[in-house]
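There are structures below to look over.
Consider the two complexes below, in which subunit A is the common component and subunit B and subunit C are the respective partners.
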Partner chain A sequence: MSEKKQILKIRDLSVSFHTANGLVKAVRGLNMDVYRGETVAVVGESGSGKSVTVKEIMGIHAPNESIGGGTIEFTYDDGGGEKTVDLLKISPRTMQNHLKGKHIAMVFQDPMTSLDPTMTIGRQLMEGMLLHLHIGREEARKRAAELLRMVGISDPEKRMKSYPHQLSGGMRQRVVIAIALSCDPDLLICDEPTTALDVTIQARILQLIMDLQKQFNIAVVFITHNLGVVAKVADYVNVMYAGKIIETGRTEDIFFDPRHPYTWGLLSSIPDVSGDKADRLYNIKGNPPNLLNEIKGDAFAPRNPFAMEIDFQEEPPMFKISGHHQAATWLLDPRAPKVEMPDQLRRRIEAMKKEDAAHAGN
Partner chain B sequence: MPETKMPLLSVRGLKQYFRVSKTFTVKAVDNISFDIFPGETYGLVGESGSGKSTTGQAVIRLYRPTAGQIMFNGEDISGSLSKEQNTMLRTNMQMVFQDPMASLNPYKKIIDTIAMGLDAHFPHMPAKERKERVYAIMEKVGLSKSQANRYPTQFSGGQRQRVGLARALIMNPRLIIADEAISALDVSIQAQVVNLMKDIQKETGTAYLFIAHDLSMVRYISDHIGVMHLGHLVETGRTEEIFENPVHPYTRSLLSAIPRMNPHVERDRRPVEYDPGALHVSYTEGTLHDVTPTHSVLATDPEFAEWTK
Partner chain C sequence: MKKYVLKRMGISLVTVFVILFVLFMLLSLMPGSPFNNQEKLSPEQIQQMKAFYGLDKPVLERFFRYIINMFHGDFGVSYNIQVNMPIRDMVTSRLLITLAIGLQAGVLGTLIGLILGIVAALYRRTVWDSLTTVISVLGVSLPSFVFALLLSYFLGFKYQLFPLLYNSSMPMVSTVLPTIALSMFTVASVARYTRTEMISVMDSDYYMLAESKGLPKVKLIVNHVLRNTMISVITVLAPLLVNLMTGSLVVEKIFSVPGLGSLYITAIQSNDYNVVLAISFIYSVMFIIAMLLVDILYGIIDPRIRLAKEE
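Coming up: the complex of A and B.
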């Protein structure tokens, strides 16, 4: 395998919002790496700052936001060799004219709000290509039809004349994906692309994104709160809590060897269909912290049944578990007492390992 | 055995049509039958547009059913309601909605929201008793009584859903219809609310009609499951029967679409596709065939023979 090429490098990003109630610190020092050809999932509950992070990458800024610091380095090839820019420093005009849509594309949660209801599908597909690729109308139309066929829409020439409301939810999301891919982006950001869809269609859209990613060898950042989706698409997982990444690792690390108590809680609060029907779901007590308040120590400490004194005083650093697996919890400090993950989760992971053995067998 | 018990709610041949124009009628719910037993949970699943919410709304009589019979608590509530029947229905059946923010009045303190049922049915209740009953319910759903004078905006999503649950519980209902009650909540909060609903069921013996599209959660909470598609109830049975021995191809397709937690298995998983046209499945021609006394499936005779092979 050749050297992995880094596309995105976020370091120490912090973002706050000025609100009537005070300053909300939505993202508090976030690091993230994305390489070409890989899918990185960002998981977290609402308010954990995952959408804010990708909006910063896309250059979508709210009027009341202020960036506390950090860098977002994006590497791309603009025809004249490789370039690395800090997305927080470039002008909105450069972002709009050279990067957005062409090198970075985004798929949003609700396809109905991301498509223009007054324009035909075909026109919306061609819009980006005419702007960025400098090709003629005829060629753009041909490419648009090709893209539609690629995302699994039959009879593309006819469909290009349709308006968004004439398509079903799953079809609309396919169109949005086709638009996102129309200019061969280097980085595709998917913000909960399947949340608004039915389970049966969900699986098909995910499969489509995975297939296209392999075909074009693009990097994908996948925002979701659904761990089942993560298990399917991701190579790497970042678990976010209160504006910080608290555990990061390969998908196998997170699902088979989670270390942070929040990840434990997240994994065990979902009922598993392949396991035994448990009497009671394990749940995380309490609510996520209010980011209006100053957070002292570990943000998860008040909900953490294993919290120690230090959790309330000092923020835990990222502890390295292996070359690709890190977690920010004081439990990993050599001085910390040994703490086991909840029984229910341990049993489930054992069952999963057995399932693996059976799976590999046939 | 629950089968020997009298069902609390018994729906027979319920049809709910909406006439859109002279030539076009939406058959949102078409000829469905099911039973809910006291103290049990019936999970209703299906994709959006399958008519599961309409079923819930028809049962609580937000609509006048086009045809069919709804027996609740031993009374027929499908026709015009007498005053007594109306009171019985409005106190013994309650609803919890999907979006707690949209279903709570933002201008009302939550003590008044929770007490709405009391105010409507016992307008002369002494203020002290009213307050005490609200406090008792709030404690039951895990809210502290110091929060009684706050407004909905001052609560988090999970707490708001607890308020919604408290409002439903104050009349001591025998059946609560939970229409996607946990879908809008975060995973960790979902687990909290579902556990709470189970605890309340154990304590008060209320039954739930649990409408949802998340099958893993439905499996966890339900005793019986009904699967709906395009307005028809295609399969119904005990939870284990549906999950271990799904008969209808639509049920199989739904079950195969549930994400697994094991990344190795999940990556290779290909959900079963279901296209009623290609399979030549006609819902209107099918009748309910029993697989076991508690498990039945909508099929024609040849279909049933083929699926159970």
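Coming up: the complex of A and C.
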């Protein structure tokens, strides 16, 4: 494999929000790398900071937000050679006029509300192209029809004259994806793009995103709380908890060799329908920490059945496990007692591995 | 759309007749008669007068005769305000004045309201926003006659910029103060709705998506925000038009504008049945036309409505 080209490099990103109750530290020192042609999933429960992180990449800032520090380096080619900029340092105007839509595009969560109800699909699709690609109306129209066909919408010329309310949710999400891809972006951000769709449509939209990603060779950041989705689409997985990435690695690493107790919990709480006996659905005890308070030690410690004394006192660093696989838990410290993942999870992972091997054999 | 408009007009026609019928019945129940100096007239003379105008006939018969005459463009004559003068001649000039003031106030009020609302939404939490809020609160909470009195005191009396009372030798200048007084409520309401609606549109998912395309702010506002904002603002325009009509009754009285409103009040006080009926008819028709226009406008702006109507 040739040299991978890094598109996005986030280092030590901290974001807080001023609220009536005080400062909420939503993202606390986050690192992330994204390479061209790869899909990176960010997984975590609600409030873990995943959406805030992507909003920072997109330059969508809330009025009560303050950036504590860090860098978001984005590498792109605007015709005059490769350039790397810090998205946190460039002006909102540069972001709006030169990067958004053209180099960074986004697919939003709810297709029912993310298209302008008063504008035809065609116009909404052509808007970005007319602005960024410097092409004429006729050419934009042709390209729009082509894009619609590519995302699986039949009779695109007719559909371009439709308004959003005349399309189903799945169709609308296809249109949103077509809009995102219309100017050949380098980076596509998908913020839970299938959460609002029903399950049968979900799989098709995921497949579509994967196919298009291969076709265009773009980098995708995929935000989700659904591990099933992660397994399907991602090359790399970042598990987020309380504003930090606590485990990161290739998808196989995270699913077959998880090391952080929180990841164990997440994997255990996937409903298992293949088992002979109906297991009780596992849930992680307790609640995520209140990010208003200063967090001492490991944020997950109070919910961690394997927590040690040090977990409550000092924050664990990222321990390297193998090439890309890292996790932030004191259990990986050489001095820590040997703790194995729960038996039930181990059995489940063995079953998953077998299934995976069977698939690979086909 | 055409079919829809025709259907709406049919319903409107029925509505007008129902209004006229109810009014006819109510007027016949009112005490007194339309004849001047009735205490000096003998019962025989009153009877004679009633017979002359056909007022001795049963109510229903009179109603049907009235409707039939109406189709011939005959709204009857005045009984006491300008005796035996045909209503048509009496009302036409006054209608034009009232319409002029009403239209001016409506258009001016909506435009200024829109501009204020848009500015307030774009420059949220600045002086402009606060200023708009103050204007809105004042405009909505103070009745139009208070403004009318303030305007006539300051601009009419103290600085003498505009005529204090309506002067038929300079009709345009004379409508300035009544127009301003009448438009205040519209300005305030439209500004408030526009601001709220525009802020919520700029908070919507589709605005975020449009923004993520990298469109410049001007394009975002013109192509996406304004149209969606207008949908809600138009909804409140209809009730505002009612307010313009009721407001004109008072404002015309204060500036002694020779419009329909002041005539209406005089006619009701003096039992001049035909005048009351004719003006009510005009008000109903004006209102129905305004509502229809609002509805058509709604269809033009919102494709969801337009396409649903076509089906």
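One rule holds in what follows: the second predicted complex is superposed on the first by the 351 of 362 C-alpha atoms of A that agree within 3 Å, B and C clash if a C-alpha of one lies under 4 Å from a C-alpha of the other, contacts with A are read in each partner's own complex, and residues count from 1 in each chain.
Basically, contacts are C-beta pairs under 8 Å (C-beta built on N, C-alpha and C of every residue); 3 or more make two chains touch, one makes a residue touch a chain.
Quick caveat: nothing in here was measured; it's all calculated off a predicted structure.
Engineer: Quick check for you: in the superposed arrangement, does A:D116 touch first (subunit B), second (subunit C), both or neither?
Structural biologist: Second partner only.
Engineer: Counting only touches as set out at the top, which of subunit B and subunit C does A:L131 meet: first, second, both, neither?
Structural biologist: Second partner only.
Engineer: Is A:P271 contacted by the first partner subunit B, the second partner subunit C, both or neither?
Structural biologist: First partner only.
Engineer: Per the contact definition in the header, classify A:M352: touching subunit B only (first), subunit C only (second), both, or neither.
Structural biologist: Once the two structures are laid over each other on A, A:M352 reaches subunit B alone.
Engineer: Regarding the shared-chain residue A:L292, is it in contact with subunit B (first), subunit C (second), both, or neither?
Structural biologist: A:L292 contacts neither subunit B nor subunit C.
Engineer: By residue count, which of the two partners contacts subunit A more extensively, subunit B or subunit C?
Structural biologist: After superposition, B is the partner touching more of subunit A.
Engineer: Tell me which partner A:H165 touches in the superposition: subunit B (first), subunit C (second), both or neither.
Structural biologist: A:H165: touches subunit C, not subunit B.
Engineer: Per the contact definition, I'd like the list of subunit B residues that touch subunit A in the complex.
Structural biologist: It is residues 47-48, 156-159, 186-192, 194-195, 198, 213-217, 219-220, 239, 243, 253-255, 257-271, 274 of subunit B that touch subunit A.
Engineer: Using the touch definition from the top, list the residues of subunit A that touch subunit B in their complex.
Structural biologist: That would be residues 45-46, 169, 198-204, 207, 225-232, 234, 251-252, 255, 265-267, 269-274, 277-278, 280-285, 287-288, 348, 352, 355-356, 359 of subunit A.
Engineer: Can you name the residues of subunit C that touch subunit A in the complex?
Structural biologist: Touching subunit A from subunit C are residues 204-206, 208-217, 219, 223-224, 227-228, 231, 301-304, 307.
Engineer: Considering only the defined contacts, which subunit A positions touch subunit C in the complex?
Structural biologist: So the residues of subunit A in touch with subunit C come to 58, 60, 96-102, 105-106, 108-110, 113-120, 124, 127-128, 131-132, 163, 165-166, 176, 179-180.
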